[in-house]
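Below are two complexes that have subunit A in common, paired first with subunit B and then with subunit C.
Up next is the complex of A and B:
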């Protein structure tokens, strides 16, 4: 709490709190939801003007006493004025990944990935809303491709939707949406996200969705029509994804999630597949600068009509902020795809330092020990990555 | 150390079934089970005999160009590479849609029921430009309207 205006804004946001954050550690500032700061009431999208102000006031390192009002630097492209009905945001995120080029590790290179170069726009005219993103990736994000270059970069569109605020706290929308499941986070490599296919990287699906959030409760239900940026139709999953959360206090939120999809041809297994995931999640900040995030889910995968393989996935993460803007995190994860097999569950420990060091910018270093994906039986080992993120 | 290689692979290996299909002019793309021991693939599970054969002939997940040379090298060495011991070279077997590993079903059934190739991107065959176009078009129209206001 660096100023009275900031405190008042924080209290107001806490009162009207709604769905989860792309930076879920914000619960340490009393935010159990994110509708105040993100144009998507489920989070992870372009920031509102209020959210931009909070990013300046609370999230980045402060090198001088705060005046409460961050001024124009918080705005799009560091100060471009926009009509209040329009929010624009550009995001660029690059990754450095040192790796050996041969099994003996005699030579190393540093691999670079352009993970994100997105322009996002949100328009709100009365109760009508529209949102869309378009961007470029140097590789990966296959399920969000617009173009089809299998040997290099691609244009991607991760999300696009139109919606209507039916009543206060209730948004109904249709389009390509991130699935409402668990804690929404920018960390798309968390086993709990990748194993349930609920990342915000490229796991969005086309569907209809209702988001409700008032006071201490929030809920979201999405009917999934499939990913129409892959084909043919056999590969598209249909089903539902939903969550319900309750915040008994502004530093604690607990919730449940459920997901079911069915497809004629799973894009990984090349067989008919039904997937289920059901679980719980919680965010808790016993101190303003100490936050705990946790999820635990049961997963069921049925291939070609056979009995489902029952597994589980989850994590516990502690996020501390010793000085404003500098986060030191520890994450422990597990993932098991079939409890009946003899393979050891995939497990991973990750130490993270993330520094919001300047307006609109952060750098992140991760050192991990364990498989990158949910692959039980894999011999664990070390890896490290570095990321730089800039948003306009 | 093996993990670092495996992690690297996991970033981009989802393209490899399609690359194998193109290289061998197969009727369908093989599943991840060609090289991996799990249907979903994943880091560290590329332990099928066919994966070992490719690795022995210089295939590196860090360089997709090595796939073609490794496939050719495996094919040129006859039954040196015969993972299921049926007397047919692994690549020759794969080229006609059969599974060269000791266990597993064939990839491209001869009865024409081979799974269709997964396409990615709105403009690929089987992709849907309408869905993406509708969403982006609506967003663009709303943007224009907002600017007029």
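Up next is the complex of A and C:
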């Protein structure tokens, strides 16, 4: 276990690392759920064979008329056959982050990070399932570390669980899991993810979970036992996280989420803390290539038994795909930690171009204006990032 | 026959729905018909709608038959459409699905705004196989004719259609058809 000061120090750099996958814009293709393409029924994990096929068929740019079935190129490492009981996936994601070295922004440096180098495996034997990931980051992802290098890279394990398909559509599992809350997305910089601590980067926690999906409904309830990759035990949160979503049609999904945790010593505030978040989310694709994603949540934070600070967080995102594989997105966000104070809420606008340009590869450029985190009162500023992602 | 009796007979004939509905046809001037074949699947919340706006009605005075060409069904994914039509529905051999039932099963409303709701027994033909189905319907009188909404469940395995399964994702054999159609009386 690592010491808390080291953890806090490195949290400042933690926003860079991100896991791959979880593309909620797939609702534009009529997929309201995630379980067909992801080994985690709520998304954001290794791809199933079907998901790999979809990635080839209509996620990446096509430079020739479709031949139908994508064939072996979709498979692990571009064509390594695996038994159907086993899914393997490797992910490598690097980032370039230009930033000024002085307040006047007269000089700039470009920071490079290895955000992700994960190997993930999923095994399914009858109704029994097991999943795990292990990887390396050059910095960040602190809450998923399994090594303790405070001055450089670390080995991380973001998720690991065992589960059983109790009945059609119902999986019960235990282990380190992404919290079921809001729209699962690879964009962990979203205030709605970071402020509620529900990113898939490193906010996973140990717990017991039931996830259900059939027809127009999906739901998940997780009892949280804490993050056992930090310690001592006082820092671990206990509570629940849950979501329920309904898709009245296969291009629209609406849902509600709820989360409550309590901890004896919050790792940021260093005080006893109860956290709550409750909110709504929606995904809608009026056209196949135009998708809207939105979330709005009320947050409550009670420190050391005091009355809770009531805040809110949310965003609206439009994702367009003018040609297959090329996404142009716009995102507007807000975050307020305490509506009773005089500070202006944090606000941010982000313009994104993401291009799935080749089999198993995509590049992404983000230009944003606003604080990186939910920090009301902080002067907004510009930032930009570039990412390259390859998966095997 | 007395003149009074003749009047009664004439009235009965005039206002008997089957007599008034000399020939119902699909009216696309208000809105195109919308026919949806809905299927769930697994794993997870898989919800597939195959939709077409093509439908015709044939009315011989006693039996009403709706015919849906399947060649233009769309699910939102081109490859899935190809698989559906070429590997499972075999639209080259079985280009249409039909639903037939006795017109007298519906108490066709005669006043504007009035509607008739209920269930009726019909014959559903797909993939060359005809099976009885129970149709839930709602027919309302409009200025020009009727607006009909209907739905019924069917099992593709009973029609000899292979249950679609692709790379671990399987579609349920039990599916549902839904229709919204405007009809007019054709002389």
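Just so it is clear, the second predicted complex is superposed on the first by the 369 of 392 C-alpha atoms of A that agree within 3 Å, B and C clash if a C-alpha of one lies under 4 Å from a C-alpha of the other, contacts with A are read in each partner's own complex, and residues count from 1 in each chain.
The rule we apply is simple: a residue touches a chain if its C-beta (ideal position, glycine included) is under 8 Å from a C-beta of that chain, and two chains touch if they have at least 3 such contacts.
Worth saying up front: this structure is predicted, and the values here are computed from it rather than measured.
Three-chain overlay on subunit A, with subunit B and subunit C fitting side by side and no clash. Of the two partner chains placed by superposition, A:302 touches none, neither subunit B nor subunit C.
Look at A:324: by the touch rule set out above, it reaches neither subunit B nor subunit C.
If you count the residues of subunit A touched by subunit B and by subunit C, you find the higher number for B. Of the two partner chains, neither subunit B nor subunit C is touched by A:312. Once chain A of one complex is fitted onto chain A of the other, the partner contacts of A:121 are limited to subunit B, with no touch recorded for subunit C. By the touch criterion defined above, A:154 lies against subunit B but remains apart from subunit C after alignment on the C-alpha atoms of chain A. In the superposed model, A:250 makes contact with subunit C only, not with subunit B. When the shared chain is aligned, subunit B comes close enough to touch A:134, but subunit C does not. After superposing the two complexes on their shared chain, the closest approach between C-alpha atoms of subunit B and subunit C is 17 Å.
Interface of subunit A with subunit B (complex): residues 83, 85-86, 97, 99-103, 105, 109, 111, 113, 121, 123, 125, 128, 130-132, 134, 139-140, 142-143, 145-148, 150-151, 154, 157, 160-162, 175-176, 206, 228-235, 265-271, 303, 337, 370-375, 377-383. Listing the residues of subunit C that touch subunit A in their complex gives 40-49, 75-79, 82, 166-169.
Remark: subunit B residues 1-8, 10-12, 14-15, 18-19, 31-32, 38-45, 55, 60, 62-64, 115-116, 118-128, 130-132, 135-136, 138-143, 145-147, 149 touch subunit A in the complex. Residues 29-36, 41, 48-50, 53, 57-58, 66, 68-69, 84, 168-169, 213-218, 245, 247, 249-251, 288 of subunit A touch subunit C in their complex.
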